[in-house]
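In the two complexes that follow, chain A is the common piece, with chain B as its partner first and chain C second.
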Partner chain A sequence: MKTGVPGKMCDTLSTLFDMRQDPYSGARSLHAAGRSILGYSCSYVPEELIYAAGVVPVRILGDNKQRVAWGGHLQNYCCSLSRSTLDMALNKEFDFVDGFVFGHTCDTMQRLSDILRINAGFEFHADLVAPSRLNGEAAFGYMLEELGEFRSKLEARYGPISDERIVESMAVYHENRKLVRKLYELKKRSPGKITSTDLIWAATAGYLMDRAGHTRLLRALLDELESLSVTPEPGDEKIPLFGIGSVMDQWEFLDMMETAGGTFINDDFCNGGRYAEDFVPGPDEPMAALARSLMGRASCPCKHGGDRSTALIDKVKYSGAAGVVFFLLKYCDPHSFEYPHLKYLLGELGVPSILVEIEHGAVSMESMRTRIEALLETIKGLKQAR
Partner chain B sequence: MYFAGVDIGSITAKAVVLDNDTILSTSLARTGHDSRNAGRMVLEEALGEAGISEEDLAKVIATGYGRLNVDFTDEKVTEITCHARGAHFSLPDVRTVIDLGGQDSKGIAIGDNGKVIDFVMNDKCAAGTGRFLEVMAAALQVDLGDLGSISRESKDPAPISSVCTVFAESEVISRVAEGVLKTDIIAGIHKAIASRIFAMISRIPVNEKIVMTGGVARNSGVVDALEERFKTRIIVPGMPQHMGSLGAAIIARERSNET
Partner chain C sequence: MGEEEKELHKKILATDAMKQLMATYYMEAKAAEGDDKKPVCWITSGAPVEFLVAMDIIPVYPENHGALCGAARMAVDLAEIAEGAGFSRDLCSYARLDIGSAMSRGGPIGGLPRPDFLLCCNNICGTVVKWYEELAVYFNVPMFLIDTPFVHESSRRYAIDYVAAQFRELIEFLEEFTAGSYDAERFREVALLSKEGIGLWSDILRLSENRPSPITCFDAFIHMAPIVTLRGTARVIDYYRALKAEIEQRVEKGISAVPEERYRLLWDNIPIWYELRNLGHLFAEQGACLVADTYTTAWAVEIEVDDPVNSMARAYSSIYLNISIDLMFKKVKALIERYSVDGVVMHSNRSCKPYSLGQYDIARMILSETGKPVLVIEADMTDSRVFSSSQVHDRILAFIETLHS
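Presenting the complex of A and B:
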């Protein structure tokens, strides 16, 4: 079988491909069926607690429509993810959510929370201020207190949340992340069985639907892919790359990269490989376990604690990637600040890298193609020289 | 055996025909609105000048932003790889390439074999590119080709703080209104470009031996400003605009020999 055809390798990928055409359709259907839904902004929002309240947490991604309504509220130097999120909210495109939950990450997301709360008029709004430093007992105590307040807020709106429900919900999410990890392991083992586009979208889809339903989908996908027999045709092998960035929601870019001859063997996108890196704490009280789980996961550059750069470089090394693509949202300060240091560390390792910056709604695929093709040519040249 | 490289850039299309190691002919034309036709035209012109026909070519490689649109070449290679190879062919000691073209600015670090080690490209911003200089020349009502010589007359380059094409144009118009000499404004523009390029290229390993390619290399004022900023001599090859097409022709020769 020929490798690398997005959305075509098996039935479950076809189902996922169809979902991608209208990412929030699943959430709308759940809403129509009577489920409560909360939109949220980033990895540090405890999906598990929202889910334990009987509510479906749906992560808001950007879209590529030309948008203008944000202009009255946000500065031009805010990232396009914040712009499109606000724009969609102002345009009443989130009519399936009761409200929003914001995690305390970058400056833009902190301010977007207030701007959206004041201007979009949702009935529920919460800010969960995760500590800036994610290690140490002081940070743990702070996180526990914040989670407690958030739990109270959820209970005031949706009714009591039992400890048992929290334990069950955490189990659902740990299981789901385990399966996303398995999918990434399969990609590393048999890169031709799933494209980067399908891999990252398969992980991302969980953000947009009931998580238990997503787990069933992942099981079916893993079963189908494991049973596939794929023998890459000569010249069909793709160069393994590693992606670094916040949210990867540019599927056309990933398709272009695959066509050019590269594939993400692993990544640090918060809706992909980073999400899969779970932390399952030892036995503890449910809320304490949730706090430790949130703090123990792979961190994003908005947070201190641990050694993100060392962990990330180790992850690149272990992945076997021949090159790295920094795929950053333009004006994303946290990722831009760490980029020069990470690029330097990769240079020390002899791993070539490129920077691709995008803005939702203004993606120039041709200039990105040149960068990707030049990276692949550089990798081939280095290989020949060795 | 003959080989050709065709570089279809945003402003000009270029072609080089090689007879093994010898450059037989070159050509250059404005790309205009039809990049495919421009590529075909420059190839035909270079073939005519060389006195050979397309059938005599063992391999043709296209490069530049228009490379994907042409159907008359055997392969397509990015301009980054091609400029590196062309610069290395012309000046084998050089390890850093600054390529300032019509709408792209690039820094390329190259290895002993002329292959790319690292590179950096401008984003959408046109600052430092040929298009930026065209806009500035129009705002100051001078010929693009005269910018270099005019700036060399400057005794006191005007500070131009903005490197955004649109904002810089407003700033230039303000300087004109303030009565600042044209020579000083143009020299200031060149210094602003050099600062921008220096900041961008600092992201890759920079060797003292720097070559400049692309159309902007013909502007001696920009070259002077870059030399001042990089504190080293910037070498400009004889045909800076043709380095991409030359590199493409060299890669065509290499790949032809491999098969």
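Presenting the complex of A and C:
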């Protein structure tokens, strides 16, 4: 059986998948072509507003190079995403950006923002301190003001941003997330048509290029996949799994999991399934709509106020996954805190899970393979017992 | 001065009264467990306790309990219980040991009384939000979060308004929860007491400006418990009045906290609770007095009694752990100047990311802008498994040697 994006893959789509080798290549060429780019940290940075300023927001992901420069500024007990981000900045690998924007999420990112600004910052540096509470009108009012501050900061640098532009930009992003959602729906319907590596990458690539361009690629990809007929041979079906964690940027791990016989049918990674879960508010002033949309989306564990565990467990249930992989970055407090309870709830449901902890630059594929195989064996055993 | 007399001078006489005060506090809190009339609230160390005190709710501080367990060297056993339940060893050790204690009722006081609700304020860290969310699930009780936006440059007016609005929501929540009513007059009284207690505490800390310093930060770590746990009550004021008088007397008599004060140092971060005594001796033997620290001064918030809600919103939003590295450095620099210190000792505390990440940069700023040397030691406030005593002691001795020059 063929997996991945098979057959008559057109040039545009190979561009999409080639970019995985060098994630920032797209951003670099945009920069070379004269586009302004801002790097940003986590969810809760309003990409829509940056895009409305005519700037391409590019999310900073970690990489797997062995890195050392961070050591003079960060202790080793912080997550490797923050370490590799800082390291890349210190190495001047972000020469294609005008600056960075940090949205308020965890303690580590909050300090990273200062450290990066002080040691490797650009003239443009913004902290958008999103509320930690997602509920209540006071939090909404605050979010609105904070977004307004950020808008002024963008305007001071890039010129006025009209309300119309914000509305258009939001439409671009809503449309984009809708297509990512469609891709996930397709994965659920016909899991054999796309691997989880390609699925999550296809979603992630949107972070790294012009969003409207990404939408066009997603459309082409969906068309191509829809027209494909893939009938897995008996015994060739992969075991559907569900992934939970922050950023999933370990493509080799995903490939390994696919080879071992498992596939993520859905996930809660902030660059994958969680991102796809959009929130489109009712008619409102553009900035208010933006605030509502940011606060109404599926929540990150750094935020308080939505019932994240119930929503997440429902999502696992609905996905039809037979097992869950907690894929966490070592030293990530927000995700580690919720792990025991989520694991317990999954146990109640009879869904087995494993915990995989990684550090960028020190990933041991062997030990992960053993863990994944153990999970798959458990699932097979459970199936037989039924 | 004979040896015995020296010992006597070092010991702060009010210590016994403090122990008594804390014992009574914990006894009363534990007695309130299951008593419908006196709700128990678990509260984070930086949260506005004044609202609880004004409504006769008993505040209980898991962090203070964490320090207690750490000092009693019981933290590791308790943390291991939580780790066994799936909590990562990399999480804040206060959280781990408190969860372990809740699960086992273990620790020096047999665990904290069960909470009726939780009050969490993220002005110290985001960790407490996650920690309290898990407690809310574990105890099946409501949790109220006060979100104090992090200050990167300066406090924005609308951020203060947001915090003040949450204070008002908190009042409604408390009224509903206790079926009692909030009395603004009573609140003002409590705020006044709080202000007075904080004032006395600041005065006591400021007495270390004297040369020789009458107390060390190790003393401050021990005597801070009441200002954290009993802020807003009259008994705290009585206690700190007595303590202040005693320390003032030491100043008058020229009594030095360490036998011969040769170096004055500043401590950064939460104490290493299980090592407090050893470190105290080590520094004292070298004639090094830790005259101040960034931790105990964190409770020196300012409250205006005319406008307690708004002024408290401002004060609680701008405490040391809720501000950027640049702003932290400003505060450290002010302490360095005020207390005329010769060097800084930073505890890089793997439990506490908001306190520790950024220390390396602050250390560089200190060196370049004040010329004072900085020592960074790696440890954990209560998890002694990650602490290498001989290594840290050697580094401290080497550091003090460099101060000779």
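Methods note: the second predicted complex is superposed on the first by the 372 of 386 C-alpha atoms of A that agree within 3 Å, B and C clash if a C-alpha of one lies under 4 Å from a C-alpha of the other, contacts with A are read in each partner's own complex, and residues count from 1 in each chain.
The rule is simple: a contact is a pair of C-beta atoms (placed from the backbone, for glycine too) under 8 Å apart; a residue touches a chain by one contact, two chains touch by 3 or more.
Everything numeric in this text was worked out from a predicted model, so none of it was measured.
**Student:** Going by the contact rule set out at the top, does A:Lys343 touch chain B (first), chain C (second), both, or neither?
**Tutor:** After superposition on chain A, A:Lys343 lies in contact with both partners, chain B and chain C.
**Student:** Decide which partner touches more residues of chain A, taking chain B and chain C as the two options.
**Tutor:** After superposing on chain A, more of chain A is contacted by C.
**Student:** Now for A:Pro352: first (chain B), second (chain C), both, or neither, which partner does it touch?
**Tutor:** A:Pro352 contacts chain B only, not chain C.
**Student:** Report for A:Gly141: first if it touches chain B alone, second if chain C alone, otherwise both or neither.
**Tutor:** second
**Student:** Now for A:His104: first (chain B), second (chain C), both, or neither, which partner does it touch?
**Tutor:** second
**Student:** Could you look at A:Asp236 and tell me whether it touches chain B, chain C, both or neither (first, second, both, neither)?
**Tutor:** Neither: A:Asp236 stays clear of chain B and chain C.
**Student:** Give one of first, second, both or neither to describe whether A:Leu382 is in contact with chain B, with chain C, with both, or with none.
**Tutor:** first
**Student:** Pick one for A:Thr370: touches chain B only (first), chain C only (second), both, or neither.
**Tutor:** first
**Student:** When the two structures are overlaid on chain A, which partner does A:Lys330 contact: first (chain B), second (chain C), both, or neither?
**Tutor:** In the superposition, A:Lys330 touches chain B and chain C alike.
**Student:** For A:Glu155, decide between first (touching chain B), second (touching chain C), both and neither.
**Tutor:** neither
**Student:** Which residues form the common part of the chain A surface touched by chain B and by chain C?
**Tutor:** On chain A, the residues that contact chain B in one structure and chain C in the other are 330, 340, 343.
**Student:** Under the touch definition given earlier, write down the residues of chain A that touch chain B in their complex.
**Tutor:** So the residues of chain A touching chain B come out as 330, 340, 343, 347, 352, 354-355, 357, 362, 364, 366-367, 369-371, 373-374, 377-378, 381-382, 384-385.
**Student:** In the complex formed with chain A, which residues of chain C make contact?
**Tutor:** Result: residues 85-88, 90-92, 95, 122, 125-127, 129-131, 133-134, 137, 145, 147, 149-150, 152-153, 156, 158-159, 161-162, 165-166, 169, 324-326, 348, 350, 353-354, 356-361, 378 of chain C touch chain A.
**Student:** Where on chain B does chain A make contact in their complex?
**Tutor:** 65, 68, 77-81, 104, 111, 113, 115-121, 123-124, 203, 205
**Student:** For chain A, which residues are in contact with chain C within the complex?
**Tutor:** Within the complex, chain A touches chain C at residues 72-75, 77-78, 104-108, 110-115, 118-119, 127, 129, 131-133, 136, 138-139, 141-142, 145-146, 149, 301-302, 304-305, 309, 330-331, 333-334, 336-341, 343.
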